[in-house]
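Just below sit the structures, each encoded as structure tokens.
Here come two complexes built around subunit A, the first alongside subunit B, the second alongside subunit C.
Showing the complex of A and B:
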């Protein structure tokens, strides 16, 4: 199961993803990211500190927004990935297309640095 | 050829025998009366002979009517009574004609012929006997309707006694003079009376049938009286009774008359309450309709409609509706005798009403599972009954029943409604369960198809030459994954080897896998370098794949002449390579991006290709993430290091052995858990 929450903080939209992103929960994840993309937020941070597992379905969700993020010039940063999950992202090569940071501070710095 | 006696044969025999006996008797009587008139002395036995013939005549016709009426399966009571009435009518008319004829010739010469009177009397006797016997058989059928064992025994005793009494004439006693006769008659009358209390068949007549029966039974009773008079009161002397010599006939008369009278009275007195019984029957039928399982192709609506109709007719409701809660905001409505607008009005009034009583025991807590009785003052409908419909423990909807009278619903009615609702709930639950079961079946079918597609796509033989050995292994999971491996001979000494993993599971993964195979088999023919292969594959797949699907791939070109290995990793798990020279294995660390993630020209920027030379004894291990991510019961993953260590330890073996060792260690690690992803491995050892 997955739990996804969104809040607005400072100058960005924070999405917190907790649990497991598999085939059944990817629908919920997709819905939340869609909502975030439809809002006016220029920066979106995704907190994956408590994301235990991600399957190809979950990866597919993130992957499907890459184009849109680039087109709309939205800053989209994923942070807090566990070693296991980060490895999955890097094997697939998504770390070359999505901005991945270690900590929230790093992510905030990235936004403010722009 | 032996003639098999059929029932029809017995019927006809009985009829023939009976008729013959009557004819014989008549002949005898006529002869006797002529002889008497002529003053001839006849043997004393001839009276007895006549009576004997009569006795057997009775028996013959008892058998005949038994076969004719008793065996007929019809339980149509009015039909049976009508038959009796018809016979009675014929008999009466004949008797009347004879009567008329007799009185008209009374003063003529013809009237003095003794044998004519005897003859006519015998005709009467025949018809009356037939009437009595047939009525007896029909009355038997009515009495034995829904019989118990006890009743059957008593009846058989009665019937036996009656048949035995046919032969009582042999004693020559007369009712008016003999005590024994009287006692026996009394006993038989009492038996007949007790048996006459069995009138269950009356309850099953509907209103119209009851009226018909009253008429018929009344007339039959009249006939019986008329015949009694005809037989036992001499036409000449209206006041005196003839000697009653036949115990059988007189007992029969008495019994039949009593039963007719009883039936008449009982039907009459049951008229006012017949509607209640009919209603109960209707309820039982409705209940049965509710409990019938819904056939495929029908839907839930039908159960709710039947429920509403049955409930409304059972309690004389003037209108009603059922609200079925669905996922949509507005509940689904099935209504009768009331429009949607009025439904909203009534609901508003219910919400405002202060006289609501909840029907439950005072000890239970209030909840929405309560049945509620509401009294409305300002509406057309003065009383409302609200019943929740529960399916699988959850409230599925509510039924509202409306009555224009106050206090329109009593306890009895509410009980009936409860049984209807329970039954409807069960039917709906069954219907939904069946739907789920069918869904499951369909899903399983899909999985099977996906599996067989996947199996068919993997190659039977792997291309190689004598410079390297190659062995592939795959173990499919319950939920079909999307593992794929293949080879292609690019040239005399050049081979393409590919391993891939399609994202997702089930039929869509199988489809994408077949697309990948097609793309590989086509592109490989072009003998492209690894980079171009991947770029082209990415372009081809960009058009095929679903929005959130991708394929990871590792592509190898083995040149056995130059002893080179060209490889590229498109997002797939890092390949493991054992170097004999270094006696150690390591994972290739090249960058890459899965296919179908970047669906434009930019993909080319993410393709990294490496080249190296291989030596004898070097080993290449290709695998999918099913192996690296395989978890044991403590959620620990098999991981990359274990694989690496296994290869180091088993590098001296051939590919088949290496694969077997790895997989068995994998199984050992995972324990008895079910696979949730495919295990695929391709081992290449260079010679």
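Showing the complex of A and C:
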């Protein structure tokens, strides 16, 4: 069970992910990120504060956009990971390949070049 | 002490399995972080079996047994679908998956990183995957 929503805030697009990103639900996460990538937004923030679980299917969604984010020079930042979800990102070193910040304020500061 | 659970072969039933494993491990005072890691490993194995091993037989079950030892936990996952030996599976390279924009392929890598022992056996009737994780039980 997952709920993914998009809103435009200030100078970025915000994607909010709630629930569990597993083999059954990650397709919804993929759909929303695809939409955001196609929207011409130069900055995309992903709020994972209420993401309680992620499996390889969810990691795979984030992984699959690493190349496109670099090619299009999009600022793509994930923030608000709980300790247990953050650990899953770090098992394979994906925390080094994606931009992950602790809080929304940290993510905003990154976009604004502070 | 042993615990057992049957999961119907459907991806949207994986949540039930995760809740079962989480509850059992919490009952034995395993920390949240370690519990999540083991739940993830079992989830990856079950998702693989459901997606790749049982293409047509929706009525089948995957059976999970959990047994505690003094210094760790054994998970036994039994199914009757097409055998998939994760021990002889050639893992993809992460950089290649990223370059090719793959959305899958890292599940088995996670299982191998998380678990301390992995054993696979298969007969004409069923496949059994055993996963062991060393655990320091909180008292």
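Here is the rule we go by: the second predicted complex is superposed on the first by the 113 of 114 C-alpha atoms of A that agree within 3 Å, B and C clash if a C-alpha of one lies under 4 Å from a C-alpha of the other, contacts with A are read in each partner's own complex, and residues count from 1 in each chain.
We adopt the following convention: contacts are C-beta pairs under 8 Å (C-beta built on N, C-alpha and C of every residue); 3 or more make two chains touch, one makes a residue touch a chain.
If you're wondering where the values come from, they're calculated on a predicted model, not measured in any experiment.
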| item | value |
| --- | --- |
| Touched partner set for A:1, first subunit B, second subunit C, both or neither | second |
| Partner chain in contact with A:14 - subunit B first, subunit C second, else both or neither | neither |
| Touching partner for A:84 - first (subunit B), second (subunit C), both, neither | both |
| Touching partner for A:24 - first (subunit B), second (subunit C), both, neither | second |
| Which superposed partner A:48 touches (first subunit B, second subunit C, both, neither) | neither |
| Which superposed partner A:96 touches (first subunit B, second subunit C, both, neither) | first |
| Subunit A residues touched by each partner, larger count belonging to subunit B or subunit C | C |
| First, second, both or neither for A:59, with subunit B first and subunit C second | both |
| Shared subunit A surface residues [contacts with subunit B and with subunit C] | 23, 26, 30, 56-57, 59-61, 63-64, 66-67, 84, 91-93, 97 |
| Residues on subunit C engaged by subunit A in the complex (per definition of touch) | 11-12, 14-15, 18, 32-33, 36-37, 39-40, 43-44, 47, 50-51, 94, 97-99, 101-107, 109-110, 113-114 |
| Touching residues on subunit B, where the partner in the complex is subunit A | 503-505, 547-550, 552, 570-574, 591-594, 597-599, 606, 637 |
| Residue ranges of subunit A touching subunit C (in the complex, touch as defined) | 1, 20, 22-24, 26, 30, 53, 55-57, 59-61, 63-68, 83-84, 87-88, 91-93, 97 |
| Residues of subunit A that touch subunit B when the two form their complex | 23, 26, 30, 56-57, 59-61, 63-64, 66-67, 84, 91-94, 96-97 |
